[in-house]
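Let me begin by presenting the structure, written as structure tokens, before commenting on it.
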Amino acid sequence: MTSANPTEFSKVKQPDFDKLAPTRSFIEARKRKDIIMQGLIYVAFIIALIPLISVLWTTLFNGIKRLNINFLTFNMTGVIGGNPTPSGGYGGVLHAIIGTLEITLGAMVISIPIGLMCAVYLVEYAQRGGKLAQSISLLVDVMSGIPSIVAGLFAYSMFTIFFGPGTINGFEGSVALSLLMIPTVVKTSEEMLKIVPHDLREASYALGVTKQRTITKIVLRTALPGIVSGVILAIARVIGETAPLLMTAGFISSTNVNLFSGQMTTLPVFVYQEYSKLSVTCPASADASCVPTIPMERAWAAALVLIIIVLLLNLLGRWVAKVFAVKTEQ
Amino acid sequence: ACGDNTSGSSNGSSSSSSAEKISGDFQGAGASSQQSAVEAWIASYQATNPDAKIAYNPVGSGAGVTTFLTGATAWAGSDASLTSEQVDKSKAVCADNTTAFDIPAYISPIAVVFNLNGISGQDKHLNMDADTVAKIFDGKITKWNDEAIAKQNPKVTLPDTAITVVHRSDKSGTTQNFVSYLKDAAPSSWTYDLSENWPNEVGQGGKGTSGVISTVKQADGTIGYADASQAGDLGTVALKVGEKYVPYSAEAASKVVDASPLDESATGENRVVVKLDHNTTADGAYPLVLVSYDIACPAYKDANTAKFVKSWLTYVVSKDGQDVAAKNAGSAPLSDTMRAKITKSIDAIKTE
Amino acid sequence: MGQRIDVNHLNVYYGNFLAVEDVNMKIEPNKVTAFIGPSGCGKSTVLRTLDRMHEIIPGAHCKGEVLLEGKNLYAPDVDPVAVRRDVGMVFQRPNPFPTMSIRENVLSGVTLNNRKISKSDADELVEWALRGANLWEEVKDRLDNPGIGLSGGQQQRLCIARAVAVHPQVLLMDEPCSALDPISTLAVEDLINELKGDYTIVIVTHNMQQASRIADYTGFFNLKAVGQPGHLEYFADTDTMFHNPQNEEAERYISGRFG
Amino acid sequence: MGQRIDVNHLNVYYGNFLAVEDVNMKIEPNKVTAFIGPSGCGKSTVLRTLDRMHEIIPGAHCKGEVLLEGKNLYAPDVDPVAVRRDVGMVFQRPNPFPTMSIRENVLSGVTLNNRKISKSDADELVEWALRGANLWEEVKDRLDNPGIGLSGGQQQRLCIARAVAVHPQVLLMDEPCSALDPISTLAVEDLINELKGDYTIVIVTHNMQQASRIADYTGFFNLKAVGQPGHLEYFADTDTMFHNPQNEEAERYISGRFG
Amino acid sequence: MSSQDKAVVQENTGKTGDKVFKFFAYAAGILILVALAAVALFLLFRAWPLIGGDQSANAATVESFTGGKAHNFWQYVGPLVFGTVLVAALALIIAFFIAVGIALFISHYAPKQVAVVLSSVVDLLAAIPSVIYGLWGGLILVPAIGPFWNWVATYLGWIPIFEGPAASPARTVATVAVVLAVMILPIITSVSRDIFQQAPRLQQEAALALGATKWEMIKLAVIPFGKSGVVSASMLGLGRALGETMAVLMILSPGLTYSVKLLQASQSQTIAANIAAQYPEANDLGVSTLIGTGLVLFIITFLVNFIARKITEKASV
């Protein structure tokens, strides 16, 4: 039995603390190191700002020119070269906005439940160091490295098998994107679930709450802000995909609102196609209303629309995160 | 549908007013080179057939033909003519035991573009023979003031700038046509096998025509090749044909196609394949040309599709159609003689 | 009414490590039973076996019987969730739910179990529970503020309020007062005294004065050496334990009386 | 030798919230000073101003002077890092570094100051510190096991060992024994008694017996009402405080004596 | 008692809910296994002609892809693997330190308001679609960064990787790595930041109370806590860098060599970009060859993650 011994301390010779005391130069060195690290951290931040500002500024500067109501409310039907359309604009991205939103929504509907539940499995159900859990989390990492175009090929082949050759529709795009989105959802949610303090789970169990309710109402709820920002990361990961969508969702100049049938254009595909066109030829006879550089202008404007959509999504997520944030001091 | 740019009433010109109106959803896929032209065609075609919803997916020639051969698309666009293997395969998708055929639909000059401080600019040319071009693109000529170039351009003072060759980085019909010209016209200086991929390690690669053009624009001393409609304010090379130097133009491109024989080795019914004569000496012909084909079946399982394809291709190769493309995509219109050959094939499409 | 608990031949493990060995005791209904003993002897561990909280630690399990009113908690057909609903628990470290307000925290036992409760019933319950935990006066004006905005002591009292709000039959407390000041401690002790009319209460404490003040029975846990399993050394009514212990180890432990 | 601390007109804020108002006191060198008072009155808050730990909470700041041997800790040229080197601190909740072994935890402060400590010096120091915290016997065979594998009480003693290992001039302890059993508490109290030969010690405690046992001086903090700032109600030597307080509030608080 | 009855009913619903939920959690985990197995099988199936098919036809395909530079699949995929790993590794190296720096800046250095703004800025950066990075990289960054690479080639050219002359325009591995770094930086930052912010206060205070400087505190209490999270965020970023298609395609001037001359054009190509560049014009056998390279990338990703996992496991024991 452990017994109280008031003289424990004196049993050992007291170490020579003078020897252990820091030298002046060492203290200085530590201070310097602290300042250097702080400096480096500030520099890291400034370095990161440069590309961000440049990307945003470039897109804004180049995109604002063609971004108007007409651009947002019309599609690309009836657009001939650099000539204005009967509606008075130079074509628009309505169809691509609809396509992007529907396909991304489709991908979210598939990947968020699967990804989140998988993270729940990994954190809440799997045995630590269990074989299944280890292989799943390894494979999730592997999955995050699937090139997007391979995901596209996969979805395309799968739909060919089930729905006949050459099947192309928006949902096929959603499936391809899910494959890219799931790992991000799993990984970020997993991290967020892991840092929910164990205390809270115990508190909930002790109240006689089932595991399911503990997970949904305490764990997921506490982790929600983090999960939301993870999901937004995941959306951002896929909303700009081009190659797999060209293959699976196709490209069309008119508006298609049916996710499950017919080709659908998305904004990134639109941007890429316009970029690929680069410029159009204006016949010698054409007047000033024919704009030879219109494809690039449309590309930047569509890119700007895409950024705005993502931005709105971000704001929405931020708002959700704020509303559901872990409440700290008032 | 929602967001459509409703066309004005003035558009219903004579071309197909007599024909039955087409309606339905139709898909095509294939060469990206045709994209601008196809978009213009679709827009004009829909002006007279507002109920036809047409999508052209510019996935690339190879993928386009593959998709066509699964029966998923009504027609395909391709920078290359069909191989005999593909013709065989097409039996599976074309009705009545017929095989697919290809017809030229889009002819476009390929420009050799360059960016050289003080010298390049819109409609400015440097003169070069095929041999010089081949040596430049093979990295044998590395300076702009090289004797070989200077000799052919006595009026220009060329700078001592290094040449940066820019080629396509992706598999491309444009590359194939370009190197095929070099191989035919400068066989001693260009010894590589024919291929859609760039064969050597010289210079830089750019993805797609847009990649090549933007790379060329980004530095001084660059030279590349691209669909001529994208040359913009870059300088272009006038190629030596016979004794003259010919700058690219739509007419000059048409001339070489007219001057070229049909490829007799193309097996299968109704096929119209041009065997370009890169060594032509025809006056005013520009031998560096891309011919892009449309691929279709003489008979379809679905009568409506057959009706559409027939009417669509008829429009595409019509004078109207070719003019629309020439105006908006800078292509070279098909000549009447060529059109006559093609029309025969289109007429063979069974709509009943 | 509170329920009686009989512990028979209980061995508690963390994986392969036997943490507590062969515990046998009878916990009387409507009484307060205190567990005392040196750190690491397994007081918390045994306490957690009484509402099957022990087993949520991966690898943790136990052998033996824990009978609640004669019914073995560890019988195969018993749902641990149901057990925990009848046996409430307050932890050593305050752990209010960070996403919930003070009010929501108190009601969490009800709402998390998907039970419906009318607003007026809820108000009543919140006030009752918070008054019992001696927290009402301090928070009554800010019931909708977050629970983790409170000081440590306040948080712990909030957790006690949360536990009593579900009206358990048995209430387990693991050093509930170690983060409380004397006034709050007194209030909690009063609360315990009041609650024992309805519930059976088991409390782990380091504070022997506290044990002697509130407990009817006291169990003294000990461990032979570090790394060895702990065991229940001596179990007696509190009077005997503190004034006339029939066990030498317990005597020695208690005679160093302070706290 | 320990150093004296003078606190003059100290107001402590969390953002705009004045948590503690106008504290004035003299903390004698080589003596133990205890802070007592109800929960939320600002004991921890004041304690944390003594080694400038308060200001690491965003928005937290204070006004007034804290003089360590006459030198104002809050003078503009004072480096808070250096202050914290001289003034050690033990917290309410045990907080060993989870990635470190027991040994590394004990050495963590020392290796910051002196990277090239020899193995034998380190061994000596580890043993000395762990013995002082009455933990040596329990952990000497598993010094390389992770620190968080210990029980709560063991963890807290490990944290005390970690704090004394850097040999501070002043040692601040915020309810260091609230998670400890009596034996460990006794050991820590002995340790405090022993340490005060060399250091100045300030301890926050809820346990008035503890205060009366170990403290030479005691400060009683109080707060008029919840939401109001706390203040130092009464500061006196411990004898006076507990047997003859000249302050009514203090008298009332202490006479509800229990612990 | 009616409340008793209710409690019984509740119990049952709770139990089924529990079971259903557990089932879904397991199902989701297994579904991922199945999906990945399906992808792997699909890749293997489509790549089969490389192994089981006519080897001379395969050789012809490879020759047509490379203009005769490579004669079999391995000669083809080798430089691609090299290029993919090179580009992704460079991007990760550039991004990792900056990302961790920014994450720490936000979680521990910046004042609260600034941190909030910065967090949203980083999230925004994370949300910029890759096609826009492609446009920006190809059209804006390439000309802008040219002079910098020139400077590097001139003054640091003695280091083999910086051997000059720097390509003009700078459509090089170095530039692509920078763009990819910008792309993956916010991913790593965002996850790391969230984790650093969750680092337990108690331990941070313990470190400070021992007289640690801020940086030492971070080293003692923040980084060890966040390490595994940061590593897995980096793996996420690396995964994206390995698989990124469009940005590489639109910027890099590709080549098929084993060269580390980062500042010169036409040296390397990544597998993903190569598939995208070749797929549109590829025939059946060509697609098989490309998918074969995709399979190799899949295996690489597998290995990289496997190794990273082993490393962190070791480190955290």
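Letters A, B, C, D and E mark the chains in the order given here, with residues in each chain numbered from 1 onward.
The rule is simple: contacts are C-beta pairs under 8 Å (C-beta built on N, C-alpha and C of every residue); 3 or more make two chains touch, one makes a residue touch a chain.
Keep in mind the model is a prediction, meaning the values are calculated, not measured.
Looking at chain A and chain B, the chains in contact with each of them are E. Look at the CA centroids: the one farthest from the centroid of chain D belongs to B.
With centres computed from CA atoms alone, A is the chain lying nearest the middle of all the protein shown.
With centres defined as mean CA coordinates, chain E is found 49 Å away from chain C. In this assembly, the C-alpha centroid of chain A lies 13 Å from the C-alpha centroid of chain E. Separating the centre of chain B from that of chain D, both taken as means of CA atoms, is a distance of 83 Å. For chain E, the set of residues touching two or more other chains reads 14-15, 18, 139, 213, 216, 249-250, 276, 279, 287. Contacts with at least two other chains are made by residues 32, 59, 63, 214 of chain B. Touching two or more other chains at once are residues 81-82, 85, 93, 112-113, 137-138, 183, 186 of chain D.
The chain pairs satisfying the stated touch condition come to A-B, A-C, A-D, A-E, B-E, C-D, C-E, D-E.
The touching residues of chain C, counted against chain A in their complex, run 38, 51, 53, 56, 58, 81-86, 88-89, 91, 93, 95-101, 108-109, 112-114, 142, 145-146, 148-149, 159, 162-163, 166, 222-226, 249, 256. Residues 73-83, 85-87, 89, 91-92, 94-95, 160, 164-168, 246-247, 250-257, 262-263, 273, 275-283, 286, 292 of chain A are the ones that touch chain B when the two sit in their complex. Chain E makes touch with chain D in their complex at residues 111-112, 200, 202-213, 216, 220-221, 224-225, 316.
Chain contact summary for the complex, chain A toward chain E: residues 30-31, 33-34, 37-38, 40-45, 47-49, 51-52, 54-56, 58-59, 113-118, 120-122, 124-126, 132-133, 135-136, 138-151, 153-154, 157-158, 179, 182-184, 186-188, 190-192, 194-195, 210-213, 215-216, 226, 229-230, 232-233, 235-237, 239-243, 267-268, 271-272, 275, 299-300, 303, 306-307, 310-311, 313-314, 317-318.
Those residues of chain C lying in contact with chain D across their complex are 37-40, 44, 92-93, 137-138, 151-154, 175, 178-186, 206-209, 213, 226-227, 253, 256-259.
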